[in-house]
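Common to both upcoming complexes is chain A, partnered first by chain B, then by chain C.
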Partner chain A sequence: MKILVCIKQILDPDMPARDFKVNAETKEAERGGANLVTNIFCENALETALQIKEKTSGKVTALSYGTDDTEDSLRKALAMTVDEAALILREGDSNPDAEAVAKVLAAAITKLGEFDLILMGRESGDWGVGQTGGLLAEELGLPSLAFVDSIEANDGTLTMRRQTDSGTETATVTGPALALITNNEFNVPRIPKTRDVMMSYRKPLEKFSLADIGLSAEDVSGSSFYEVTDLSIPTKDVQCEFVEGDSIDEKIGVLASKIQPVVAANS
Partner chain B sequence: MSSIPAGVPTREIYWNVPFHDLLYVFLVPTLAIAAWGVYRRVRLWRAGQPILRFDRLGERLDLFVKDVLAQGRVVRSSYAAFFHTGLVIGFLVLFAATTVVAIQADLKIPIMQGPFYLFFQSLTVDLFGLYVLVGCAMAGYRRWKTKPAKLVYTDEATRLVLLIGVISLTGFLCEGWRIAVTDDPWGGWSPVGFVFAAASDSMMSDSLMKTLHTGTWWFHMALSFGFVAWAPYTKMLHVLTSPLNIFTANLDGYGASLKPLDFEKAERLGVNALTDFTWKDLLDLDACTECGRCTAVCPANTVGKTLSPRDIILDLRELMHNNAPALLTTLGANGAGTKGADSSAPAGAIDAAATLPPVIREGTPLDPEALFSCTTCAACMEACPVHIEQLPKIIDARRYLVMEEAEFPEGMMNAITSLESRQHPFPGTQFNRTDWAEGLGLDVLGDMEDPTEAEVVFWVGCGGALVERNRSTVRATAKLLKRAGVKFAILGREESCTGDPARRIGNEFLYEMLAKGNVETLNKYGTKQIVTSCPHCFNSFKNEYPQFGGDYQVHHHSQYLQELVEDGRLLNGKDDVEKKLDRKVVYHDPCYLGRHNGEYKAPRALLDGALNTKREEVARSGRDSFCCGGGGGMMYIDEKPDQRVNQERASQLLESGADTVAVGCPFCATMLEDGVNARKGDREVSVMDIAELLLEAAGDDEASAPVAE
Partner chain C sequence: MSNVIVVLFGNNGWDRSAEGAAGTGQRLAQSTGGNLNVVFLGDASKEARDGAAACAASVVVVNQPELAEYQPEAALEAAQKACAEISDTSVVLFGNDTYSQELVPRLAHRLGGCSLADVQGVTADGGQVLATRSAYGGKAMSTYSMKKTPVVLWVRARAMDPATPGAGGSLEEKAYELATPRLTITSRDVLESEGPSLEDASIIVSGGRGLGGPEAFENELKGLATAMHAVQGASRAACDAGWVPPNWQVGQTGKKVAPELYLAIAISGASQHLLGMGDSKMIAAINTDPDAPIFKHCSFGIVEDYKNVVAPLTEKLNSMG
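Entry: the complex of A and B
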């Protein structure tokens, strides 16, 4: 089975909160000293793909739309034992919206060949829009399923389990299909073996420009179907006050009188 | 004997022993059997990888004199010191005496006469013979009566002790009867024999003594020859392997005991077959005397974990001997016995190596769980009387598990993953690399117009900058450096982990990447001197970075601050501390400053200069210090509540009655603060870095207050 996994590189969500800054002008997060990492759900998708490959056979390709820095994320995918990787170098908008990304990915996938299964993370840890997968399925004309947490491959049939608010649903599809992967205890991304990390540098990682896949910068800019009007970090106000009093009873009394108005205001 | 005039002291050799020339007939097979016993081991070692251990002969000889002849390390245990030294010197003296006999009897050179005969061949030999006898008795007493847990109890050991005892006893009997029957005028020079003579004389006739003498003499010889032939097949082999092992020991200190890995050529990353070890690693196995000192001092073992450095060595030894045929095939197949070192090794060697069982096996002393509970404290290596290197073997096995299998504890995985993407091992930290320096106005190399103006780089370390507890330590260090007017700068965001945790956990690859990156950064700024308050970083710079072209003069902050105090640049000179401290302080030696790098004095001197009071010491300190539990990646692991090394260490330190535990390492500070809090009861005890204490002594109020957010 040929599987393609789309991955996204994002700002390290684990960076110290105080280091996180946004630019109100460009309405984007500032990189600052933060690192770039692969979005966690994308890693869950990679792990899911690799497990299917190990159980059946076939090939896994990783694809990303990003900058030269994104090569690191693809190398890591290769180290996880993905077979090959492709990077579409971003042009124009530095924060393209889901529709634009779906367009790019669709063009890239058409260029890369035929796939039986396309996996993506259910959403990214930076903007959390969660629309790219559905839009990509639309572009490619494939059936898609979101919140999938496990996939069984059997004689060309794919049995997918998806999480819902009330439990799980199972769907069967004969592919090609697209699934948006969420995390579960079985798809915790593997730690690459060093041997594989070393090998990852010898595996194919092709870079393409938009032109290579038949698109131009205009095709993927300004097509926004939504607009970010404001971007700011919510501020938290913390006030600390020590309750005074001679006895514990008196302190409790004071505390209660302080809490009451707050409770009343919020109920 | 005719050539010796009457009246010159000597004795007749082979008195009362007809057919004594038969000895030579027996000697040949005895030596052949012994030689085979030694050879069959030596060829096994040759199946290991190459490593250079016959260089620097002068230093090696020094070590040999210190730790073989003078038994430098054996004598650290006073009971063993007494009897083992007796056995060693006794054996050497008796060997010399036998040689003297041979020179006299076979080379016909009459040296066994006169004062030499009296003082050496009679008196000295007799006394050392007695020492051997007493030694056997003491060894036996320990083995059968006191039974310390660290020993391995085998029938073989029992037989050996008995055998040596009986050999010396029968020797004395023969001597006694000879003195009695010949009325030896110089008999008194052999006091022990003389006592036997006197006792026998009163009890038996000359002819009975002569008969007994002949029989016992042959019995004595048979046992002695039997011993020589058998010894190489027993733990007595250590008589040869231990001195050889000490001679070929690692001369560079424990901080430099890990081998670099050639990623281009290595067929296997780390070790999981005996042939992945070096020949010296294999020699180590045969040099072990089973004394158990390593396991007795191991912190992990002390708190009840399964890790036992002695059992790792003994298990590998058994594995080596049980797989001797397969090992020898690897040797035959590629001649040099260096599978893996050369990618052109014939396929035969690799196939043969593939038939070897794995080294890492569950349920054995090399169970992954045991391997991943080592704190890399090096206490085992320091305790080993014969310089066996247990720690590098543990790391070799970890390398295999981490790099080839990616199988290791979750906490360590998180640290490694974080190191890969964030260059520090503390996922989830809420600090960046410069937060701690807020308001201090420190120079950052990358922002300086002329970075060479900074004479010293203050290397902060991840444990200092990113762990809440230690930010006050690095802040105190920076403040003290400023006070002393030192021209220094920090790297700020350009600093990465030195790679120590990665290397100790077993990810040599990641360590190399981090190390190379740091060397590049430091060299870019023309760095010459580094001060750091982390002994792990210190160790990397001192022992490991030169290999990547990073040659710096590196100081632990305690060393540098002490120099500043001595130069009168800090605290207005040595004896003029502005505000001497009234704390009752006990100092905990960090493994990577103390044992790994031999610095025990500077931190103590620094403390003594800042205290009004007398500093406390605990039994496990200095060379014998007990790990805080945080090294070797253990910092990132949740230990079982009843198996916490830090709490065990905290209890030891609390016993000193101190109210302040002084540390010199961010890992120790975090581990011991937790340990002390768990064990201190209602006492008021604080854990403080030396720099914090010094700043307090200098009258800076911020010292003990938390860093402002």
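Entry: the complex of A and C
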């Protein structure tokens, strides 16, 4: 099986809210002292791909549209034992819209060759628009399934399990397909072994310009899908009333007296 | 004039999500001077048909065997065909559920429009559609100016006001020629749950990593939830640990809820969790750490080990009747 995983590098979503600042001019978050990391669902997708490869043999390619900084994310993917990586260097808009990204990824995939399975994250941890996967499926004309948490490959048939609002569903598809991956306890990303980290520097990581994949900067700029016109940090004035009392019993009594009326009104 | 379409799944009936989506659709149609149209994918109950016809100028029920149960490709193609038959559409709205989330970008692409997810507010002034939503895992709010028509969105419909009944509209059943699907959903496994869903609950008792394991969910928190007539939820940390099913998760990548009361037990209050429950009417917390971010969003809280609080609180509430 040939599997391609699209990964996005983002500002560490675990940075504490108190350190989070936005630039009202550029309408983007300030990096400050925060790290750039691979979006967690993309890492879940990498793990899913590697597990399929280990069971069936084949090859896993990681692809990202980003900047030179994004090399770190791709290098980490290689250390997780991905076979090869490709980086399309971004031109223009630093927050390209989902359609622009999908166009770039589609052109890159066409350039890289044929794949049996394309994996994406369900959404990114920065803007979280969750549109790129569905748009890419349409660009490539592939069937797709969202919220997939495990995939089995058997003689060209893929069996995917996905999470729904009320439980799970299983789907089968023959031929190339795209899946948007969500996390579960079986696709927790592996920590690269020291040896594999060293090996990763010997693996191919190719960089391409937009021209290399047959696109011009105009093809993907100009926010033709949507444009962020405002980004701000909401202020909340909630004053928490901490329940006080001389004994724990007394505190619990106060707590119960606050909760009980709401319960009575809603049952 | 420009029209608005609300796309619903017949199987879901006229639920709170359908009401909220229709309400938002109606208000948008009023501001664009167009009509509200409702499309049901799959057969819809009489209640759903009546609910839609009471507020929409036209109701289309796409009723054919391929749509009896959700299949991604059939639903996508049917939605595409039904939307294409309505002219001059500015906005297509979906509710907040797995299938809507999956269809939105693909439908937008097919209709030549643009799309966005988890929209909390949408306006259409002078033809310009603006959508507001959380960004950066709930740390920021963002506004998007949408650039192509139609604008296809899934919205937090349950939190939106229902439509006001207007002149009854037309109702039509349709069926389309659909391509043979390449991908097929072959089985569905619905997790049993008693009472209302998390999204429809008036009171939620949620637990987090600080509970230390599944036992507290099954014992103490379940008892408290029963005493409070509440539905149980959880943080991602608790779901990821496998202590409770994934569909208990509240937050950015979980359920978006806005109950009358949300009680967070041993949950720190990360922005991604708050993104899913920050609009609750009243938030309360039990946490050992007085500096836990959750307290910045609480009306009231108690700084204590949950082990010392939950069981006696349950008893106290039960005795108060």
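Basically, the second predicted complex is superposed on the first by the 236 of 267 C-alpha atoms of A that agree within 3 Å, B and C clash if a C-alpha of one lies under 4 Å from a C-alpha of the other, contacts with A are read in each partner's own complex, and residues count from 1 in each chain.
Assume a contact is a pair of C-beta atoms (placed from the backbone, for glycine too) under 8 Å apart; a residue touches a chain by one contact, two chains touch by 3 or more.
All of these numbers come straight from a predicted model, not from anything done at the bench.
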Regarding the shared-chain residue A:Ile191, is it in contact with chain B (first), chain C (second), both, or neither?
-> first
Which of the two partners, first being chain B and second being chain C, lies in contact with A:Ala17: first, second, both, or neither?
-> both
Now for A:Glu218: first (chain B), second (chain C), both, or neither, which partner does it touch?
-> neither
Figure out whether A:Asp68 sits in contact with chain B (first) or chain C (second), or with both, or with neither.
-> neither
Considering only the touch criterion stated at the top, classify A:Glu250 as touching first (chain B), second (chain C), both, or neither.
-> neither
Return the chain, chain B or chain C, that is in touch with more residues of chain A.
-> C
What part of chain A is shared between its chain B contacts and its chain C contacts?
-> 14, 17
Which positions of chain A touch chain C when the two form their complex?
-> 11, 13-14, 17, 20, 22, 27, 29, 97-99, 122-123, 125-135, 137-139, 143-147, 149, 163-175, 177, 182-185, 223-234, 236, 238, 240-243, 248-249, 251-253, 255-256, 258-260, 262-263, 265-267
List of chain C residues in touch with chain A within their complex = 72-73, 97-99, 101-106, 108-110, 114-118, 130-131, 134-137, 139-148, 181-191, 193, 197, 202-203, 227-229, 240-242, 246-247, 252-253, 255, 260-261, 263, 270-272, 282-285, 290, 293, 295-304, 308-309, 312-313, 316-317, 320
The answer for chain B against chain A in the complex is residues 263, 269, 402-406, 413, 416-418, 421-423, 427-433, 435, 493, 507-510
What does chain A use to touch chain B in their complex?
-> 12, 14, 16-19, 33, 35, 37, 190-195, 197-198
